[in-house]
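As structure tokens, here come the structures.
Presented sequentially are two complexes of subunit A, the first with subunit B as partner and the second with subunit C.
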Partner chain A sequence: MATARTSYLRTGLIHLALISYTLIALFPVFLTLVNSFKTRNAIFREPMAIPTPSTFSLVGYETVLKQGDFIGYFQNSLIVTVVSIALVLLFGAMAAFALSEYRFRGNLLMGLYLALGIMIPIRLGTVAILQGMVAAGLVNTLTALVLVYTAQGLPLAIFILSEFMRTVSDDLKNAGRIDGLSEYAIFFRLVLPLVRPAMATVAVFTMIPIWNDLWFPLILVPGEATKTVTLGAQMFIGQFVTNWNAVLSALSLAILPVLVLYVIFSRQLIRGITSGAVK
Partner chain B sequence: MGSLQLTSIRKAFGDHEVLKGIDLDVKDGEFVIFVGPSGCGKSTLLRVIAGLEDASSGSIRIDGKEVATVPPAKRGIAMVFQSYALYPHLTVKDNMGLGLKQAGTPKAEIEERVTKASSMLSLEPYLARRPAELSGGQRQRVAIGRAIVREPSLFLFDEPLSNLDAALRVQTRLEIARLHRRLKATMIYVTHDQVEAMTLADKIVVLSAGKVEQIGSPMELYNRPANTFVAGFIGSPQMNFIPAERLGEGGIKTIGIRPEHIALSREAGEWKGKVVHAEHLGADTILYLETETAGLITVRLFGEHRYGADDIVYATPDKALMHRFDANDQAVR
Partner chain C sequence: MTEADNPFEAAPIKRPARWHILVFLAPAFLVYTAIMILPLIETLRLSLYNLADGQTVFVGLANFITLFSDPRLSASFWNALSNNLIFFVIHMLVQNPVGIALAAMLSVSKLRFATFYRTAIFVPTLLSFVIVGFIWKLILSPIWGIAPGMMDWVGLKWAFAPWLGRADSALITVSLISVWQYVGIPMMLIYAALLNIPDEVLEAAECDGITGWSQFWKIKLPLILPSIGIISILTFVGNFNAFDLIYTVQGALAGPDGSTDILGTLLYRTFFGFQNQMGDRSMGATIATVMFLIILAGVSLYLFVIQRRMRRYQF
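On to the complex of A and B.
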């Protein structure tokens, strides 16, 4: 194309900007990974250096796997994250369907009320949540975390999903009604498959803050049996001495599961765009 | 079987009244078309009949039975949508059979009805495909097939041809007309296209702003429009409306004359005028004239004519085919 040559500079600048952003975003991850494979002295002497045969060491990983029950922490984190995502998607999609599909008094107010949580951080309610959990006897159970994270994820999920559900053709839902499908069948079999890309987006947005959260595990489930990965990694950070090898190794390991979940959802993101029902 | 009675149907969304008391009687086997400009309530009326919307008041009876509280699936209706509304995850065959499956029809019978409908619409080669693998025309045929297999008392069509291109639209229109003759079923069809209405309907219901303007056969509406709205809506190009006082007629407000009911001559005639613009369509020639007596009028001549812009011509309306309307825009006979 004739215009392609003139836009080389433009394309180059765009790429430069994107590459530098990628580098900035990946740098902490890179630093964590690299240093997790070095000896303690090497970490402090040359934090930027790639591990060499003389500085290479797996002592961090050994410490992590020996001290404490890290497999258990991983399990806890995974259970909490997966269950919370599932509940957020299920309830979020149901609420979004009701808000976008049915005309009822107070629809708009209800929508605003449900979206309020996007603007007000859930941590403001920590004291009340803790009191509630104590009263319900849920302290030091994973249920406590699942409940809190579901509440935390719902507002954004409802907001995004109800916008997407408005785009699903009314004709398709009406065709289902005429064919005798129940409202549940219409929701699960016609609408949900069509908003799958949006569900994947919501899943990714919900997953990352949950996996990385330190606040609620620290307050609600500090017990050994219910510790999450982020909380588990904290035990290597002391007031006077911090075991950096172990901290960095724990964090490096913690990246893996979340990476796997992300890959699964982002595949859905692309694959979800199937249609042909409606012009 | 398939009659429908609507009695003073009203529908309001909040304060906005969309249907303002619709009465209609559809006999078994009739092809009835609702036509009107966008926003006139025709689609809402169809949805009320289907049970997808509740009427605010009034009664709907299908085959003599009151259906106000009956869900859409049990009303004995089938509906074809403008956007086809096929289930994307099902094959053509399953799309057509889903309604029967939900109603608990035995498998063998579903199979038989789907086979029959698909041969009627020549859809056999596509039965195993999904909607995404079909063209627009094929999708609409599947949607029609889905309606046929239900063997409903009432077929409802919601602008089924609007998404098709011109050639396919004519072809599908023909197919629907043939289908109606073959099934002898009652059909209710919504469109904003008066050509579809004129060519398909036994009976046309002209709607405007939530009210029925006139009900009648296509030729009744063409020859005896009840008011200026119907007169202007049916027929293309539009009827010429001329203030009665310009033509020296007292007691009425407007005189209407269709473009095809005006004769043209270069030598002599009633209204002298200048050609503003000429459209040569081969079969028709459409001229826009600025006349001294009647103002700007449209004239439609059949065949080819050599009139061009700025020609001076004389137009003569056919007095017997003039329509007269009073101060309330109602026809005076």
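On to the complex of A and C.
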């Protein structure tokens, strides 16, 4: 009996601790979303209250949509993120396949070379990256961001994907070879479909830092036409510091896509982490 | 792309040329080399050059000597470095223990709602710095009164201060905001490591009467040490290359009075200039090189000293 009671107590305490921390984690997000739907007075008078019919207002969102070109920013972020992820997955999977499938001289060295970027942040090369982009005439183009993010995402993608590709059965690939499939067909038609779960994990890991990055948009593409959501929100907030409705609405708009994607992909992300993809 | 372009593939291959290997490797190799490795090397090289009469000339280590001896520059450099160290220490002391504790609680078997807790606690990690920085700025602002209001509930209103605006507390506050954001990463990695401990090991421990608290300290903790090593080095690299959160919370000047200035913000101001300070490419490259050396030293220490001494258990 005594042990049963202590274990109830223990479970209760664990729940209490986890609930408290969950509240700490979610409270700021909740506060932002809730207050973005309230009138200016209500935001200040009762910041913690849920909007009621009398305090409900969309004036912040109206300001945001009128003043900032948020649709354009979303489009830029989306293009950059999607194209970068596609390139990281394609190039990363190809390189991972070459490294895990074939034995050739320099294989290990090439693997180490490509893995360097996991530990050394690409940001340290910013001075020369900017110089190169200026020389290539790519400043203020989305191409510049896509190139940088592709390079940034490749090392981890290659590392994770080659671990997974080692688990694809050799017999299957050899059967394909006997049937006369070319090496390219083996890669695209046999191996790629089998590592799809790993690709999804890599896609999620690659997406978060790209969508949220502020450094490279600030440096490489500060122009109005090429601003990303993160940079656009930052600039917008800077201009409208005192307009709390607008600021909170801009923040909510920036949170929303990430939350939606997270809800869709969270299983994949957590399965990827717990299955040892990043260990 | 010919064979000669790629030193690794140029070596004589016994079988007939296997071009497909080259085709598979080339795109990743080219993009990675051109956008990441070459600029990094170029940045390191630029730190040895400076402008003189509009011409870029080789100056050896003169930039580094200036960085360490010029009274204004060296003061801001040492200030940024020591702030960065404090930033890192706070992460190691708060973020990683809290992450480990959360993971340990989540991994208790048959815990209900574990998936929900895990999903919710990871949310801040996904948010961009712009959002995180601004939300916390609003919450901690004395104007809105969320933080003082909540402290009033628990009778602590007297303890409230505009922490972000005071030079003696701003750095700690910003570090804690960053901890709040990133605690999900150690939590997830440690959680995964805890799940990978085989049940037989834990059952054997239970047979020997080691349960609960002592089981965590005596059995689980030693087994997850390699993962703790990994999160430490990830924290180190992340912290010494941080920029965004400080920039969004305190601006490029990392105020008040430079009290939250870290190497990332110093690099940004030095390279691009800010307000009446002119941008300086060579000095920017010099600071980037110093950051590179610091990160390289940390990673090498981890790879060659810590990781080798750590025992890995294979199940």
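Miscellaneous remarks
Everything that follows uses one rule, which is that the second predicted complex is superposed on the first by the 211 of 279 C-alpha atoms of A that agree within 3 Å, B and C clash if a C-alpha of one lies under 4 Å from a C-alpha of the other, contacts with A are read in each partner's own complex, and residues count from 1 in each chain.
We adopt the following convention: contacts are C-beta pairs under 8 Å (C-beta built on N, C-alpha and C of every residue); 3 or more make two chains touch, one makes a residue touch a chain.
Keep in mind that what you see is a predicted model, and the values were worked out from it rather than measured.
When both complexes are overlaid on chain A, the residue A:129 reaches subunit C alone and has no touch with subunit B. By the touch criterion defined above, A:9 reaches neither subunit B nor subunit C. Within the superposed three-chain model, A:71 lies out of touch with both subunit B and subunit C [touch as defined at top]. Contact with subunit B, but none with subunit C, is seen for A:177 once the two complexes are overlaid on the shared chain. Contacts of A:108 after superposition: neither subunit B nor subunit C is touched.
Contacts of A:26 after superposition on the shared chain: subunit C is touched, whereas subunit B is not.
Counting the residues of subunit A that each partner touches, subunit B and subunit C differ, and the larger count belongs to C. Taken together, the two structures place residues 274-276, 278-279 of subunit A in contact with subunit B in one case and with subunit C in the other.
On subunit A, the positions that touch subunit C within their shared complex are 10-11, 14-15, 17-19, 21-22, 24-26, 28-29, 31-32, 43-44, 47-48, 87, 90-92, 94-95, 97-99, 102, 104-106, 109-110, 113-114, 116-117, 119-129, 131-132, 147-148, 150-152, 154-155, 158, 182-184, 187, 208, 211-215, 219, 230, 233-234, 237, 244, 247-248, 251, 254-255, 258-259, 262, 266, 270, 273-276, 278-279. Subunit B makes touch with subunit A in their complex at residues 47, 50-52, 71-74, 77-79, 81-89, 98-99, 102-103, 130-134, 136, 146, 158, 163.
For subunit C in complex with subunit A, the residues that touch the partner chain are 7-9, 11, 13, 18, 20-21, 23-25, 27-29, 31-32, 34-43, 46, 98, 101-102, 105-106, 108, 111-113, 115-132, 134-136, 138-139, 144-146, 149, 180, 183, 188-189, 191-193, 195-196, 212, 227, 230, 233, 237, 241, 243-244, 247-248, 264, 267, 271-272, 281, 284-285, 288, 291-292, 295-296, 299. Partner subunit B is touched in their complex by these residues of subunit A: 169, 171-172, 174-181, 189-190, 193-194, 274-279.
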